[in-house]
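Okay, here's the structure, questions in a sec.
All chains are identified by letter, namely A, B, C, D, E and F, in their written order; residue positions are counted from 1 within each chain.
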Amino acid sequence: MKKINKPTSNQLASVVRTLSDAKSLKMVFHVPDHEELMPSNNSLTEIVDLLRKIIFPGYFGNSSLNQENMLYYLGVNIDKVFHILSEQIRRGLCFACNEKTDLSCEACIKNVGEITLKFISGLPHIRHLLSTDVQAAYSGDPAAKGYGEVIFCYPSIRALTNYRIAHELLNLEVPLIPRIITEMAHSETGIDIHPGAEIGEFFMIDHGTGVVIGETCIIGNHVKLYQGVTLGAKSFPVDDDGNLVKGIPRHPIVEDNVIIYAEATILGRVIIGVNSIIGGNVWITKDIPPNSKIVQN
Amino acid sequence: MKKINKPTSNQLASVVRTLSDAKSLKMVFHVPDHEELMPSNNSLTEIVDLLRKIIFPGYFGNSSLNQENMLYYLGVNIDKVFHILSEQIRRGLCFACNEKTDLSCEACIKNVGEITLKFISGLPHIRHLLSTDVQAAYSGDPAAKGYGEVIFCYPSIRALTNYRIAHELLNLEVPLIPRIITEMAHSETGIDIHPGAEIGEFFMIDHGTGVVIGETCIIGNHVKLYQGVTLGAKSFPVDDDGNLVKGIPRHPIVEDNVIIYAEATILGRVIIGVNSIIGGNVWITKDIPPNSKIVQN
Amino acid sequence: MKKINKPTSNQLASVVRTLSDAKSLKMVFHVPDHEELMPSNNSLTEIVDLLRKIIFPGYFGNSSLNQENMLYYLGVNIDKVFHILSEQIRRGLCFACNEKTDLSCEACIKNVGEITLKFISGLPHIRHLLSTDVQAAYSGDPAAKGYGEVIFCYPSIRALTNYRIAHELLNLEVPLIPRIITEMAHSETGIDIHPGAEIGEFFMIDHGTGVVIGETCIIGNHVKLYQGVTLGAKSFPVDDDGNLVKGIPRHPIVEDNVIIYAEATILGRVIIGVNSIIGGNVWITKDIPPNSKIVQN
Amino acid sequence: MKKINKPTSNQLASVVRTLSDAKSLKMVFHVPDHEELMPSNNSLTEIVDLLRKIIFPGYFGNSSLNQENMLYYLGVNIDKVFHILSEQIRRGLCFACNEKTDLSCEACIKNVGEITLKFISGLPHIRHLLSTDVQAAYSGDPAAKGYGEVIFCYPSIRALTNYRIAHELLNLEVPLIPRIITEMAHSETGIDIHPGAEIGEFFMIDHGTGVVIGETCIIGNHVKLYQGVTLGAKSFPVDDDGNLVKGIPRHPIVEDNVIIYAEATILGRVIIGVNSIIGGNVWITKDIPPNSKIVQN
Amino acid sequence: MKKINKPTSNQLASVVRTLSDAKSLKMVFHVPDHEELMPSNNSLTEIVDLLRKIIFPGYFGNSSLNQENMLYYLGVNIDKVFHILSEQIRRGLCFACNEKTDLSCEACIKNVGEITLKFISGLPHIRHLLSTDVQAAYSGDPAAKGYGEVIFCYPSIRALTNYRIAHELLNLEVPLIPRIITEMAHSETGIDIHPGAEIGEFFMIDHGTGVVIGETCIIGNHVKLYQGVTLGAKSFPVDDDGNLVKGIPRHPIVEDNVIIYAEATILGRVIIGVNSIIGGNVWITKDIPPNSKIVQN
Amino acid sequence: MKKINKPTSNQLASVVRTLSDAKSLKMVFHVPDHEELMPSNNSLTEIVDLLRKIIFPGYFGNSSLNQENMLYYLGVNIDKVFHILSEQIRRGLCFACNEKTDLSCEACIKNVGEITLKFISGLPHIRHLLSTDVQAAYSGDPAAKGYGEVIFCYPSIRALTNYRIAHELLNLEVPLIPRIITEMAHSETGIDIHPGAEIGEFFMIDHGTGVVIGETCIIGNHVKLYQGVTLGAKSFPVDDDGNLVKGIPRHPIVEDNVIIYAEATILGRVIIGVNSIIGGNVWITKDIPPNSKIVQN
């Protein structure tokens, strides 16, 4: 039978050599200082799934729960989160250490258990915040048939679950992991919330695809966004060497009860005052006073 | 060897107790009346995969089909759809029953087989509609190399397959399941079509990411949308208690042969008349007469 | 125990017959000339994963690599890519052959090994291009903590990896496969780059959801796009029979150092001159001279 | 490319027809009365794995247990056993019902929950018996390094775990399932214990391959068998129609403290008296008085 | 954190080199002439599972079958067997070709389709033979509760299914594959039947572990064996070079209605005459006349 | 719909409590001193599979190897063995430490890398020994068609591969792991070789089911065993407290060129002299002089 012509071994071996060459490897090769593996996307997916079962028991997970057996299931799921998450946090710390070399190894490991425990202790608060988001989604969407549908189907709840988990981890100074977790939701929902953003209670995103919420955004309570809204940066100050200055406040502050309609773009450290309504497809780069109504001409 | 510090059991146990507390569980805990499990995302994914093999034989599925063995494969796939889908429909009915308590259990079960059979009987019609969508995508996209590429690669065909399946299930009054199915496609393609929308033949969506088609939209034949188009609601009437009135017509009617370019936003129960062309990035909240051409200034 | 009513076999058999009917199968049934299976999405996913491990060693893959064992891992991964990819290229050629019937079978098979080898020989160049994209993303995003975070987390690098692989395969005249590979990235990231587009070095896409880059685009070096940017076609010339003319240049040319902000829409074979800045949400259908700054009113 | 010659569809279709023919299907086709599926080997494997984790916590299962989190893990594993096992018991009852038609459907279902609960209530006793078997294996084998090695590695403990589970299920009159469970162990260990056999405490089987213990055996405490020992039946009385009489006592009674060496064969309802030693490769078909020592010439 | 000391790369590289050395590779390295892969154990397991579903519909496979949908399931399963088995037969032929170099490649491939079709055409006969084995097991074992239990649980039926499949393939001169298939059953059941043995109808093996049936055995109808029975070879004639002469008749002929009890060993080309009964643990190396009864002293 | 009666939570909770009780947990609960997990059967299976690919390249593994790419595959497989095996050795040491408390933790970890490297350095020797076993099996079995069939199909080669690996690990004083590895082969083949046994070159086991080779056996070169042969212990000396004395020589010494036929049982520290032939089903408990021929009467 005729077969595909195979390359001679020389041909492939030559490519192997070129790709192993130090010059080609510059910038694309990760050599960890401590032989630590990169964080595992599979483990982080498992962690988020476990947290979803913990936060919304009965909706996620394969078993029918009642007030009695729930104790067992919550206990096991939290125990598993502790073990899997602490391993991932360790990898995240080691990755950052590798890149920045400003943490001591001893301190690093010592902290992992403590950080993980603090995160787990914050779960009741995360659940509370998400329950307000569920209420906001139900109350604000005429198509929603009940809380259950919102919890089980709505991409915004999925994205906010990941964001609120990631934000808590970032507050505990865990590197890399928070961003991986929000990017998972970004991929699944098209909603891109940086874990650094601060978001209040009763937050709602309708449809969601294309929403971008930048690293230094501050969003109040009872805020509602539609698909395609960008809360982004406008200018990017550079230092004397021409490199971007990282981490300075550069995204909008959105106050309580603001509604922003589809495809609106708001850029820079501007303040959108309380109770304002921003129409669709508008482009805003300056402060908006409270109670304003801005629409496209 | 040094290990991660483990929390004392008391610390985790305390979180477990807090999260098991009835107060914390309010709104986030699903206790089914009849111990029925939630619908399974894995089963619904399998159903959509089976239906894709049934609708487009030879394109999907791992076997080379011919006119003869196709009978066997179609027979098996349809038999499997019956079994897996009827189980999911039962869970959907039970979920709705649980939330609304207005269906009798007896009636519920009795209907499941009948509903599933009606759905399956509608498959030839669904295949016909999708074949018109394939034609529209091929005829309307200069980059399309053939029908096969459209069927196998185009996200719009994937999204429309899920939508047309979900819409049929919604017509049969199956709760929850249709929304889950369209959200699957939303996640995969960025195209968000509510299963309640009515969409005619030869429908085309190009690129697709960010498209939103609301619950009460009515779309004619030979309509073409580009990425980022929103067919949404404008106002949200509330009842005397301040709650949203659910389910009233509030999304656009798009008549035959309309083209709507990228990022256009059309809101409210407006009519876009036949043969109209709506330019990109425009914002429309009123009726557009037939044969209009609307563009951004 | 009460069970779901099953349909009589006649009812299902009747649907099976209808769906097997030649009339219903028109346009939706793929009968390959040579019994060749369709390309496998799983295999193509595996190929992209292998290539990601080859291009960014240490970041992807489960093992800690060093300068010494890397040779083994690169060798195995490249050997696997050769075998799996050549099989998929064969299927792609056979699929095209089936639809177009203008390639000889003999020639087809003979070329597969050669094409695959050429593709593999191009990997160092693909790695180089992607390393410039990583630099561009890091330098252009104040939120980026380091190259590692960009490589491991940024959806734009994922999308560009798939695009640069697919573009190389398209240059080698492999049908269908390139489009499948870019659609995978489209689904994961919301970034839709046609494999036919030409894109220079140091290319950056921020956030990315909703970006569309059409088949005949030409993009220079050091170009930066934000989410929701469309580089699309404006008019669709038809031939004498009213069918679209396929493949003619119809998308923008974007010259070096151009920045295009969120949701901008640029349509047609227009030229955006070097060093220009295009503001968000604008709509452009004509040439923009070099060094321009275009913003929404 | 040359391909394997495919049969014409007629050729395969003809075999399909023959194999679907009622005559060919006689005796080999299972049509359940109530559409109930056959028991699932995968589910039964999962049940035995769960029970092993429950009985020997810390040895099996992927988590490190302590006195505190064990409650959660035992709770979850027992809850899962209840759900999965009750489903399998239902299938077993339905299978028997189908074959024998002497159980009422109503009674059947009503009993399933009760049977499963009784089984679970018996787990502490099963654990106790197995702990005596572990002691016997450790005390009786000079190669055993500790209890842990016996529990984790010894095929006899694996076989006895399955047997003691299956025996309890048989006592609760569950059909078919017990035999499947002992055959799993038979396949894994070469030890064939019929679930109907009665076996006392501190039972030990060394090496084990080829051991056969028949349905009506009665074995006392502190009995030790070596590989290849058969405790079988000798004669098979038939009824007036020439059919075997099923279920009558026909296997040996082995009293306390008996040792039976490798490859010995003991057949029929004979009694091996207390404290007897039976040498290897002997053939016994009559009673052996207490304290005997029987060896091959 | 303290980590496991890693070897220097030199140390591992040295082992890699030694193991790659031609001298070390002698006899243990398989280089196929035609780059054909070895047969796949996974595929052969899948084939046997498919054949079990085809032969005993309703007992194996996950769906409830009826006279109507069975046609679809049989059709699909047989179609799959054709594709997967023909690929494995090709590999088997190529493996033999490689070792013996006495088959022409052209002829080889040409035959694969034909051989596979012949095998499939023989399935009704294999099913018939197995149905007689099921009857024999039920009639001959007082512990058997029904045909269903025998088909679903008895290791002898599993072993005979593999043997009868393998024997048919051997008759069609397929190399290697038959032996792999009987060794699968050997591993699962401890019953070792060489695919070359000839075995009549209504064959029964009770318990089974340790049974050995040699390559040139001939066994009549209604024969019954117990565990540990060996039908083996006695002498091994060598040729002038001192090498074993392969393939000559050297195992027993067992005539109709013979019963052989546990652990009996029968060696050489002897004839056990019709209706004879051979007792347990005996050692026979010469002909036994019809109607004999041989027991251990 | 009628459902299975569920137990009240009290009923299950009561069993959970009983099984969590310290008294019930005595002897069956593994609490590691250092929170180390038990060795993983899955990882050990993976290790043996990797070693099989390393020892017999081209026969096992999914790729077609040649002299060139083999270096890559061997390199990767050996690198993987190092990582996975060192983790399992650590668990084994920790398990033993836990049970015996006579190893220091520091020393333990320090040794793991060294032990694993020594094991890997011994692989060429293990491959050599197995190549002699392959030769012995081919030369000694008239049914063997070639070396390839022996390597790929023969259970004895599978069992000897596991034994020779396990024996080497035992020589390096790795606890528990060696026994797990030989028990894997015991389960698959029915051949039970204790890792402590010493076995020379050109060793052959035909058929194999039921073979037992005890912990302190010493077997010379060119020895051949048939199925069901036991090389076991006869007496079990106890110490003053009545406990078995562990580890003393108590199994046979079998000198070069001995053949032992099926089901023979040899017990105690006896010597079977060179060139002896032991017939089937015999029972031997004393020394046999060189060149003897022992058969059953």
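We take it that a contact is a pair of C-beta atoms (placed from the backbone, for glycine too) under 8 Å apart; a residue touches a chain by one contact, two chains touch by 3 or more.
This is a predicted model, so every value here is computed, not measured.
Engineer: Fit chain E onto chain F over the CA trace and report the rotation angle, somewhere between 0 and 180 degrees, nearest 5.
Structural biologist: Answer in degrees: 120, to the nearest 5.
Engineer: Could you check if the interface between copies chain C and chain F is built from the same residues on both sides, meaning over half shared, or from different ones?
Structural biologist: same
Engineer: So which chain is the furthest away from chain D, centre to centre on CA atoms?
Structural biologist: Chain centre farthest from chain D's centre: C.
Engineer: What whole-number Å value describes the gap between the mean CA coordinates of chain D and chain E?
Structural biologist: It comes to 25 Å between the two C-alpha centres.
Engineer: Please tell me the distance, in whole Å, between the geometric centres of chain A and chain E computed from their C-alpha atoms.
Structural biologist: Each chain reduced to its C-alpha mean, chain A and chain E end up 56 Å apart.
Engineer: Per the centroid of Cα atoms for each chain, what is the distance between chain A and chain F, given in Å?
Structural biologist: A distance of 49 Å separates the two centres.
Engineer: Among the residues of chain D, which are close enough to touch at least two other chains?
Structural biologist: Residues 1-2, 6, 12-13, 16, 35, 63, 66, 69, 71-72, 74-75, 79, 109, 190, 209-210, 228, 263, 281.
Engineer: Tell me, which parts of chain C touch chain B in their complex?
Structural biologist: Against chain B, chain C makes touches at 2, 4-7, 11-13, 15-16, 18-20, 22, 24-32, 35-39, 95-96, 98-100, 175-176, 179-180, 183, 186-187, 190, 192, 194, 196, 209-210, 212, 214-215, 228, 230, 232-233, 236, 243-248, 250, 263, 265, 267, 281-283.
Engineer: Which chain D residues qualify as touching chain A in the complex?
Structural biologist: 1-2, 63, 69, 71-76, 79-80, 83
Engineer: If you look only at chain E, which of its residues touch chain D in the complex?
Structural biologist: 54-60, 62-67, 70-71, 74-75, 78-79, 82, 86-87, 90, 109-110, 112-114, 116-117, 120-121, 123-124, 127-128, 130-131, 134-135, 139-149, 151-155, 188-190, 207-210, 226-228, 261-263, 279-281, 296
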